[in-house]
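Can you keep this structure in mind? I'll have questions shortly.
By letter and in written order, the chains are A, B and C; residue numbering begins at 1 in each of them.
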Amino acid sequence: MQRLDVEREMTKWTRREVMVSAAVAAPAVFTSRGAHSAAAFPAKNIQFVIPYAPGGGFDIYVRVVTPVMEKYLPNKVSIVPLNVASGAGSRGVTQLYRSRPDGYTIGILNIPGMFILQQQQGSTAYDLNRFTWIGAMGEAERYFINVGAMSPIKTFAELKALSAKRPIKFSVTGPEGTAYMATKIGAQLLGLKAQLITGYKGSADYVIAAVRGDSDAVVAAVPTTLRFRRGGQLRPLISFEPHSSIPGLPDAASVGQPELENIAVERLVAAPPGVPADIVNILSTALGKALVDPVVVKWAKENDVVMKPKTPQETVAIVTTQKAFFEKWKTALSAS
Amino acid sequence: MLEMWLSGFQGLLHVDVFLFVILGMAIGLIFGAIPGLGGSTAIALLMPLTYSLEPFTALALAGGVMGSVPMGGSITSILLNTPGTAPNAATCLDGHPLAQQGKAGLAIGAAGSANAIGAIIGTISVLAVLPIANDVVLLFGPPEFFLMSVFALIVVATATRGKMLRGLVTGAFGLMIAYIGYNDIAGGERFTYNIEYLWDGIHLVPALIGLFAVAQMIHLMVKGGSVAGSASAVKITKMTAGLFETFKHLGTVLRGSLIGTTVGAIPGLGGTVVAFLSYSVTAQASKNPESFGKGNVQGVIAPEAAICAHDCSALIPTLTFGIPAGAEMAVFLGLLIIHGMQPGPLMLRDHQVEIYGLIWALTASCVFASFVGLAFVRVLAKITLIDSSILVPLVLSTAFAGSYAIDMSIENVVVTGVFGVLGYLMMRYDYPRLMIVVALVLGGNIERNLHQSMLMGEGGWSIFFSRSISIFLMLSIVAVLALPLFRALFRQLKLRAVPVGSDS
Amino acid sequence: MKRLFGTPLTDYLPALGLLVLTIIYLVTGYQYAPQARVFPVTVAWIAIVLIGLDVLSRTKTAAGAVVTRWLNPSAASHKADEQFPLRKQLIAVLWPLCFVALIVLIGFLYAVPIYVMASMYFRGRLNLLLCAVVSAAATLSIWLLFAQLLELELYPGVLFSEL
């Protein structure tokens, strides 16, 4: 079967729309005529590509922030979320990459998730370094090592002691996911012998595995573990943050492994390569203001996330750091 | 707690909330009927609408949608052999033959009433179990999921008793197809031949639409005429007959609801398997299993009761742990979080009224949807009289468009086409399709859970013997395998009991 | 019609078709790492054994009869659509496949009306005006539901994207 290049047609969509409108004699949803200068931007709805299925973590962030972001755009338009979930995210990313660089298509990317995925898939359809970076949906998600509340292990020291006797069983998702990366690199940096139980199908799933006792411990990010920690079902042992946000826990500084803080999931907002700087400016300003809007701040507080805005330059710096980190650990990750 | 039940119910009695339930019901019916679209698409579509709503109202709307989707799906399953949602494929097996015999009204009536009763039973079970759900769900892990999947596979295989060999062949084939895609366990792609689309494997819903809807349309083109053989039978078909049949077979309804509720509460198998499991168990337990697949109304009642009961109880793992029991629940989960409700044990503590309101909304919607279906039976049954040259292209257009719309992949349409031809060949050469569906769904589960169990038990099989539920499941598997043997033995003994010398 | 073990050769075709597919699958499976191929390869071997039994059950030998009686008793009963000429079946299979090809090439909004009209006119021999009205209505409904309400971009077709 030939590979059908769906993505290539996306840049020609506007011409097609005109044909369709003529054929069906009904107003098209999107009009497209004339050059888009910064003064007129945005003149129509903006599409926000989410490379994941509705209801997932990234989807939720987008759906909370974009209605607020609309308010901070110079003209009154809607930002319409579009879920493109195939291929564990690669199809959405490819679609974003190939869209017209006019500022009317932006999307959210998981870094370093996409680096990992691209390596696993061997896809050459997009170059993550060439995206136009706009900003971030808040601070990166940091990882913790947690155990189930019913586990006999009470501190990180005990975990380390156990590791000397036998490998620690960690539950993770699949090798294409960030949990796998976080567990492998984290265990290595902390000197823990790890046995990964792979294959769990989602973020809640693999954390429940630890609650249930399938695995000894689980490396998971703050938002995923929130409901379990609050319910008293999960006990965090150590934080990968430079300084633990949960008081009383060891962290990257106290165990002397500053590299741990690079293990993070960034939620970055990007546009196709080549978007003009003034349009990027409009978008990133709107995003930044949305993140400090009271509605978003309130939601963030309830859900224990930090929505600090980032400038495009800061975002580019994040991507560069993450890329370097990923390159360093690439071979270790692909060895099983 | 009782007062929470009641206040949840009372919350629905406000006019505006009630209207949202009805709105959700209507949308769910339509989205359930169109193949490829379903509860998940509907809720995702309605999400922006809910931003300005109170959490209670938003949940009522979602409950309205989720409750009526099965009924919408069963209508197209029966009339056109087109599963509106994946679980409704089980309804096609006997529902469509009934429509072909002109008894579409009977089938829709039975489906509607089974839906409603299944939902009510499911709801009562959920409300009773919810407080202890936490602990119960945690008892089931990979070893149990593995055994449950194997159990389901075997039950469904033995149900195709008359064609067991062919059924096993298609089952094996379904398992083979299930392993196409990225291997979550060890990394690396299998059987994808470098086609990007196949990374996720063969998508289930497009394949089902092909296997059932497209294959049936091909058959209709060959046969010519309309779905129903005779117009006279269609004219007299009545919805009350369907209602009557459901009450006549109350045992089947109860059995289906029980299967739906228990299996739904454990995030292991999913609605599709539940429907087929309920179907197979009923076929096995019946006195004339050969009549299944040819228009036995119990073959409609069993899966429909199970599906609705399952949808109610699938809320348990979603609400208590945030483990979505399917795509619809995943979107619903997103809705909850956006509205500031974190699923988990705290949810049951802090948002009890909303949860009970949701459950009532779901049940109410299910019951109302049944009434709507029943009310329109006459009109709907007329669809079976439309000539194939008009009906076929319309159904195919909608089926392919719906298949594409699932995730905007044109490859879905190709999959639907290919599986359509495959499905027709299977009809033509007498290979049962139900095994391939169950195998396709369970193949990945079986491999993954076995792998995880082995790692948990550090390499040995002993883990299966150290957990009480696993032991129970293994005994059940042995029982199911031994059952036909016992039956044959029993029959032999009965024959011997006939006195020698009597006239045969 | 040549016969093998008492059964016409064409009767073996379905089973043999499956066998070919399984063998391709098996060969591909052996290329993968041992842990990755355990399940698929095991299932494929089981499939081969089962297909072998299936072929056996189609023969008219004594062994075949035993297999049929124990494992496939209702196989003797009718096969769907056997009474219709092969040509009709082939055409019925080709129509949807052509529709798929049409959708891939020129997209939904052109393929649907063309297909509906062609089907109603050539197969149903219906009044041309009725065909046009029904296909326009069908296309409009699909466009309204998918493109407008759901705001999905209906696939525009490979040919048009090359322009």
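Keep this in mind: a contact is a pair of C-beta atoms (placed from the backbone, for glycine too) under 8 Å apart; a residue touches a chain by one contact, two chains touch by 3 or more.
Because the structure is a prediction, the values reported are computed rather than measured.
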- Which chain is most remote from chain A in terms of Cα centres? C
- Task: Could you tell me which chain's Cα centre is nearest to the average position of every protein Cα atom shown?
- Result: B
- Once you find the CA centre of chain B and the CA centre of chain C, what distance in Å lies between them? 23
- Query: In whole angstrom, how far does the Cα centroid of chain A sit from the Cα centroid of chain B?
  - Reply: 33
- Task: Using mean C-alpha positions as chain centres, tell me how far chain A is from chain C in Å, no decimals.
- Result: 40
- Note on the structure: chain A touches at least 2 other chains through residues 4, 6
- What are the residues of chain B that contact at least two other chains? 183, 185-186, 193, 408, 410, 414
- What positions in chain C touch 2 or more of the other chains? 104, 153, 155
- Which positions of chain A touch chain B when the two form their complex? 1, 3-4, 6, 53-56, 59-60, 63-64, 67, 83-88, 90-91, 120-121, 123, 169, 173-176, 195, 197-202, 204-205, 208-209, 211-215, 226-228, 230-233, 299, 302-303, 334, 336
- Which of the residues in chain B end up touching chain A in this complex? 40, 43-44, 47-48, 51, 138, 141-142, 182-187, 189, 193, 195-197, 199-200, 321-324, 327, 330-335, 337-338, 340, 342-347, 407-411, 414, 448, 451-452, 455-456
- For chain B, which residues are in contact with chain C within the complex? 34, 37, 41, 45, 162-166, 168-169, 172-173, 175-176, 179, 183, 185-186, 188, 190-191, 193, 214, 217-219, 221-223, 290, 387-390, 392-394, 396-398, 400-401, 404-405, 408, 410, 413-414, 416-417, 420-421, 424-425, 427-431, 443, 446-447
- Item | chain B-facing residues of chain C, complex | 14-15, 18, 21-22, 25, 28-29, 32-33, 35-37, 39-40, 43-44, 46-47, 50-51, 53-54, 57, 67, 71-75, 79-82, 84, 88-89, 91-93, 95-97, 99-100, 103-104, 108, 112, 115-116, 119-120, 123-126, 134-135, 138, 142, 145-146, 149-150, 152-155
